[in-house]
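The structure's right below; bear with me while I get my questions together.
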């Protein structure tokens, strides 16, 4: 059965279209391996920065009716230690790894890329879209098509690995950003990062629930926003898309694929359905394929493209 | 008990801080009266345009786990018939009415304002932020601080009524937009309009669920985004705010007030809790005030302002 | 709350040139008088009353009028359409002896109602009216139910000659003379038919199935509200009791189109 | 799923210069070994084990170490703090005869465990260790429980002299000679204490309460995972059984700080 979920992604064989996205259970090689063992076809590291970052004080997450707010603050052990974890993961697993990196300028992205070149990672993901370090870094780079173009072009020239560009949902025109990334040489687009950000208030203590006050929204509440942006992007570009945002059950993953995604990220659902969520969704996708008589992932139809 | 919910808003007495927002059960004088009878302190008309609009084909709404998607397409009977409904409402009720109007340029807004001047409406609301007519009109005016300034300034000069400016959540920097509106003479800010927009897909038929494909998100899923934007705006401006977005229970309304709202809109919750929702939330607010020993709405504390 | 279901058309019956009945294998659990919103995500989305509903099958009966219904008429058995509902209020299931007065495409919903009334042991008399023979609906289906049916056409081409209101008037008068009144009257059909019927119903309880332009069908857009009560016909209706109908100043006078503009009858 | 509750501090007991017990009137329904995340939305948010939990009151016992705990120590009775949880795995409630080996601020959680074990009819022996008399915890509270307690301090200033592991070693050896082994051993304290204890527990089932840097406490951030299994200590832990502890190569060797960087013990 599971064979039918196998697919090739940029020439690399993956066992399931499900991706563990950046920031979810991925601070260590062993964290990554849990998702891989539980049915993720591809895993992503925490977004790594040149220097280690302790992240924001807690509370760093807040639950609400329809999702999570988080403001981790890009905590990570830094590129060197992060790559060590990734290499250790690769010693133990064949599952392809996306190395996510974060920086605020082209030079730092270049330096990060050089480190990643020497690692056993399979893809390099440029996180241009973290919304939770606004105080520190301002509006995400992903909001400017010129910045996106510049960074991607520079990194593309030196990267040994295919490049995934992670986009922000919080932009006026996703298409112009996506096209800039594609034109600059991006091999894959990944969207969406968290939405908002948003805030919740503790009414008894009259305080924002998150220490950082604001945090990005993830989970079921953002699925419609993700689907819309993925579909617009799919309609405009010719490179594959990793779609994510609120995928919790198999049906959500099918929606992502129909909207234009080739692979599908499952993040916050780990909280709702446990680490087994990948296998559960794999099963649900197969069930859907059976009912609809789709033999392979490639058989699942896409929406007609938007005509611009 | 209910007396404690009375407050003055720009000098006008209102019986409850709850507002029926534009677009909810407000196509006719009788629709407006239902909310007024059920405990809304202020009611808003559907956004009126110069000419009648039939709106989008159906489906115009889609339910999902954490809210609604809608793409009504700004259907309305046009300013003349719309004002007739408002006048008929005012013949029967003392409840203050906000006349919401929509246009795409300063001239049309001016013309609308002249009509509204002759009506029995109490406030004029400029809807600069409808996300569901993108195909027709492009990015909402509320995304440009210069457009906002220009329109508000022009309208302010000719409007007999206090001006409420309804802002979009889908902007990079709500503060610069809010400040532009304030500087141009806005008396009140209203936020937020629907988020996204988003999309949902019917996987059996491989089609977007909404005829318009995309629709704005409302309901519980957008509350954190609303709270954050209201709080940022409250921290920056000196005019009152009507806060809305996902308010479903009394606690949500309290969060809005703590984030900086003076009045609180309740829209999509009509779907979840019926037309009685206003009285239900009024009761829940009173319950909270009792528990926390707040005598009046003005006693409910606000968050400390953000220091910019 | 999301009750959208995407179903294959299981059966299509041609009732007249312009009217078809579509059946679906699905346990809808609707009540007589309720409606669904139907779409194929291409042609729009429109409300239709449920004309039959068993444990595992339900039907709607559609008259081709304009764009959407013409589009729907292209569908074949096995094609998917998507529905949400059942929505709205349903008919009171009266005891005793009841009169059903129906006209046009709104008659089939009385098929579902009659079945439920029969099960309840109620004595049902149906006036099934149409303009002409070719438009007369469901006469065979009603025959199978063991209820009393009076067929009528405006031109006398089938059953009695006259409107269903004419027949109703005669029956109500007869009854009044006999002292054997109906316990309850139900009407479903063109609004002006019901408007004409209303003055005859001073001494009897009734329910009318009304129609207004519906968009959201979940009570938020306000397009279907009726003056001056602000009754949302998609939630508090489409079936309204006498007490409410009597208060509706717009009943039989005007309705609102898709823009909310008042249109006089 | 959102289980945040904002509660007034109902009682504060000073246990030592640096350790206080905070009690809350709230029906938490926690199990021994579980923890809460505590914040005041100003000083950060940190995990604390539940040291007592009755039907309507629960307590935590906190050692002042750094920024957050110093901040917490400023709070008075009646002040609000906000908690979420109880989170994580709990101790197995063994039958028969059990040994509890505790050290430092991690001892109080054994108060809650002991009560539950006693209710279960289990025979409890507790080794309650601290560095010195001034840091020794809960000795009076444990006296009230009717369990066997052996107090020990590294410097002999209170109870026996030696570490709790020294005492445990002696008892386990005695028992082995008597042939009357403990049915289950529980340990809670500094990781190196448990590491030293582990080799003595070849022939007996045990559970350790471990600590790792926790942020989300709901199993998504991955900060608390332990190598090489990727056990998330906030979900699968903090109480881990022998079978898992034995596989954890990082146990007693390193842990990760707030950045995820490995820190050697």
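Annotations
First chain written, first letter: the chains are A, B, C and D, and each begins at residue 1.
The rule is simple: a residue touches a chain if its C-beta (ideal position, glycine included) is under 8 Å from a C-beta of that chain, and two chains touch if they have at least 3 such contacts.
Keep in mind that this is a model prediction, so the values were computed, not measured.
In summary, no chain was found to touch both chain B and chain C.
The chains touching chain A as well as chain C are B.
Among the remaining chains, the Cα-based centre furthest from that of chain D is the centre of C.
In terms of their C-alpha centroids, the spacing between chain C and chain D amounts to 69 Å.
Chain geometry summary: the mean Cα position of chain A and that of chain D are 37 Å apart. With centres defined as mean CA coordinates, chain D is found 51 Å away from chain B. For the pair chain A and chain B, the distance between C-alpha centroids works out to 34 Å.
Those residues of chain B in touch with two or more other chains are numbered 64-65, 204, 207-208.
With touch defined as above, chain D holds no residue shared between interfaces to two or more other chains. Chain contact topology: the protein chains form an open path, each linked only to its neighbours in the line.
Contact between chains, per the stated criterion, is found for A-B, A-D, B-C. Within the complex formed with chain A, the chain D residues making contact are 1-4, 6, 37, 39-46, 80, 82, 215-216, 218-223, 225-232, 256-262. The touching residues of chain A, counted against chain D in their complex, run 23-34, 46, 52-55, 57-65, 68, 70, 72, 75-78, 81-82, 85, 92, 202, 204-205, 207-209, 211, 267-268, 270-272, 274-275.
Residue ranges of chain A in contact with chain B, taken from their complex: 64-67, 69, 139, 143, 170, 172-173, 195-201, 203-204, 206-208, 213-215, 217, 220-228, 231, 251, 254-255, 258-259, 288, 292, 301-303, 306.
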